[in-house]
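Shared between the two complexes below is chain A, which pairs with chain B and chain C, respectively.
Here is the complex of A and B:
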């Protein structure tokens, strides 16, 4: 192809993504500033009702719950993923160890959530084991609370955190650790002060890949959550289908979009400073 | 440096167990005669019901396959062309195309679902297989573009120049030089798109209408209120099919890459 025909080649995608992605997002922005219609939809009159409704204590509580669940599940995911990725990167059987992490994710997402329902349910696997061992007298209700949501979110996010961490640890030059050790650093100090700063881009990627989808999660709290784990995604769906306050749903969708965009800015900033500071791309 | 430190190893083993054990529980449960998770005896009853008494389920499978193949085909064709344009082209909207096409990948799924639902409702398009097709093509595009771009990175532009020097026209160069060389990338993009489409629940949930139930939507309604043994059997079949497909795809790509 010739340089000048680039626009021609990209034209179909440009049109597609403009019509079915940019325009719909613009409509969401527009709707968030309109009055709500009687049975869903909107009335074309400017209004800040949706943004006023966001200040409702109920919505603020849901936003806080969402943030807390996304944060706790992200911390849990990264704390598990970091040592696991480190172990894979330092092993001589990397491919096999990676495959063991990836294979479970060939399974459908809902089936993976469902597996946890089968384990944690009142008639589930865990309860039947604990009952037959006599540890508990009657079934425990493990499901339908925020801890079930957090466990399942960690479960579904782990590979998305392990893979970028593995990629950056694998490129890390481990002679730097030896150098630090020779200069008298403890093993732990060498890892925390030399390796962690060098794999920062991987850590930031892992955090974003976990936090952003978890913050906008809909299915997991719907299936294994309860009253204490109603998340923004669930409120959006309810406003769209049941309560039918579309401007409010639009405003909440916008907030998630803005938070995601903020995360992306942080991400590219983290990448840039690292490239400049250390003088070498790791 | 020795890697015999116990802690990372312990965490790795724990993580692997944590990831795989739930699926093993499902496999075992699918052969259990009992409806609960308490083991009763071996039985193929749930498989019998899955294959012979679940017509709605198979209709959902058919919808899913139709949408996966059609959206993956469209996304692969226009996405591959876009990747070629982005790689070598210099044109006005380039940075717009590069940023905006990747956004559906970065935003949480629910945003694409909600914005498309509001969009379709505002212009009066009835929800159904058509709207699901459009939505799936949207989220498949960034993956196709990234995968094909990665393949094109290894591609030497002088081959294209050589084709022109030898008198090839634009279209000949595309069909006889660029496409064949990037075929492994294009095929793995297509397979990724098929997989993503078969897998999607959240976006589909928002843009589906009556009569356009896909397999994930069917599974969702079946597990909504707890455990269902037929779904155990379905899970095992789905795991087996995906493993077979991935192995097939890997061998196919290896063969083509040669």
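Here is the complex of A and C:
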């Protein structure tokens, strides 16, 4: 009885996920093992061409760039998010601060990226300030390179890192910090040895919530990136729309999915060990 | 109908008892205190002093004020904790005792005043560099570390070698009797065991002073009693200065060498447990420690150490005082319920300076080792008298509800205290 009604409750979600996730994923897997059609599409004949094409040094270089951008932006995001989340969790006005973190979501993502272009552009806000202060003599080209991509990616991911970090810091018992200080730990040692291990789940979540979307990012490098910041997402789009090699695009998409799934495995492993802790030798 | 004081009349009592009675009657407060000191040698602190290995430090707190916003948490607090002493800060919640502890630990800074440990001003020293360790009320064990690693934490911070760490941790596991628990995580052990881990962890650095912030408040009554005795034993064996914060007077009285009673940010009295109990400094202390009958009273006359008062609800009473009160002043008269005798028959052969009153039993509460009687006097005042039970001594006929009874006590057992302390 309980099982039957359980099945009933989950049926809509099951149908939804099957139609909109499992089926498209199956199509992606299928396409990646087919021959490419002459003008896009696929020919229904088994082929490993797409996977052979992945070995192309150009694609490997893009993958490496993508990984580097995702990694640097993740590190930057978490390093910025940690103190912010700490401050919010310790603040008496945490509700207001949390709302402020969420407010940017009310604005369309693309508009926020365009706002960054207005800030970083050659005639943008930043350049006008630096010019008027006499720090630079002529406008600097901030846009259309890897650093612009990283800066904007950090901006877009910050809330996704701050929120899980806030949630775990808020639950953290700060008496433990006092206990550590009391037992001889410096402020820094207390945070590194006591606080960080106890908010590990939040940190792992923040890293995954930042790294995974950033690794598959398409719009940001398209808008503010340049030749040096071509990411896998952009290559997939090009293969789909310009070069029209659908099996290759499918194979690349699959690789991203595998990496993402790998991240989730790491995440759940970290969550499993959280309760047991890391008791060293006795 | 009552009369005070009644003077002993016929010598009906045995000779032996008469001698005792007479002896008791000539005692003044000064003598009373001598007797109390005589009683003291049985106490653990004396045993400790004889062992002669006091490693701890002296803590001197001088004129400390601390306010949180508008709220004054500590007002002009001065006290000195002696080397190796088991010193308790006792008071109701919000009296400032925990704030004082946190100042000594280094988590709060006083607005005014100084804190010296062995004559060194410790206020500029951050908590991690003070030779002071704390046992927290919530234990504050590190949840991600095993029992062993929790205790080892201070040693790991100092980067000691594995061999030294293992040896030291094992000796402290021995001290707090946690054999076989070392590998467990804090979530896998009981409250009492957690408390032991917290104590071992706080002692492993061999601090000069150990601060204990209501360490037993989260445990059940039986375990509390047991751990209290263990704490006393640990104090004897390590010999460091203990400063123990509690709101539980039983805890404070049973293990402390000295107790500071606090209320509303002030220290009202500092003394050995028997001094706190037998010679309360003011109305608050008398009320907070133990059970007592306390009434406003006007001093009518003073003859040497004997004062005559007109106490509200009791009428005229006599009481002996070290420092005689000023005639005409309003003071508080207090008498502990266990020092009041109760009987259905009017007692005979009472010593001089005995206060005797008559009343009706309003309530009787049987509590095993004693009975508590609430006796309503003709004035309407209800006085408490506790009677210890002994099966083969004659307590007279059983006293029941609504029985007319006599209650009496000696002037030496009453006290005069100043009106309520700490909350003007």
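The rule we apply is simple: the second predicted complex is superposed on the first by the 271 of 282 C-alpha atoms of A that agree within 3 Å, B and C clash if a C-alpha of one lies under 4 Å from a C-alpha of the other, contacts with A are read in each partner's own complex, and residues count from 1 in each chain.
Simple rule for what comes next: a residue touches a chain if its C-beta (ideal position, glycine included) is under 8 Å from a C-beta of that chain, and two chains touch if they have at least 3 such contacts.
Predicted model, so just to flag it, every value in this text is computed and none were measured.
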Partners on chain A (chain B, chain C) - clash or fit: fit
Chain B versus chain C as contact partner of A:194, first or second or both or neither: second
First, second, both or neither for A:84, with chain B first and chain C second: first
Chain B versus chain C as contact partner of A:41, first or second or both or neither: first
Superposed model, chain A: greater residue contact from chain B or chain C: B
Contacts of A:186 with chain B and chain C, given as first, second, both or neither: second
Vertex chain A, arms to chain B and chain C (CA centres, degrees, nearest 10): 90
Which superposed partner A:178 touches (first chain B, second chain C, both, neither): both
Partner chain(s) touched by A:227 [first = chain B, second = chain C, both, neither]: neither
After superposition on chain A, the shortest CA separation from chain B to chain C (Å): 6
Residues of chain A contacting chain B in one complex and chain C in the other: 178
Residues on chain A engaged by chain C in the complex (per definition of touch): 173, 175-176, 178-186, 189, 193-194, 197-198, 275-280, 282
Chain A partner contacts - residues on chain C that touch it in the complex: 105-107, 126-129, 132-134, 136, 138, 140, 142-146, 148-149, 153-154, 157-158, 182-183, 185, 187, 201-202, 205
In the complex with chain B, residue positions of chain A that touch it: 1-10, 12-14, 16-18, 20-25, 27-28, 31, 40-41, 80-81, 83-84, 86-88, 90-91, 97, 100-101, 103-104, 106-119, 121, 123-125, 127-128, 155, 158-159, 162, 174, 177-178, 187, 212-213, 215-219, 223, 233, 236-237, 240, 246, 249-250, 253, 256-257, 260, 264
Touching residues (chain side chain B, partner chain A) in the complex: 1, 3, 5, 7-9, 11-12, 14-16, 18-20, 22-23, 25-26, 29, 36-38, 78-79, 81-82, 84-86, 88-94, 96-97, 100-101, 103-104, 106-112, 114-119, 121-122, 134-135, 137-138, 141, 145, 160, 164, 170, 173-174, 178, 198-199, 201-202, 205-206, 215-216, 219-220, 223-224, 226-227, 231-232, 234-235, 238-239, 242-243, 246
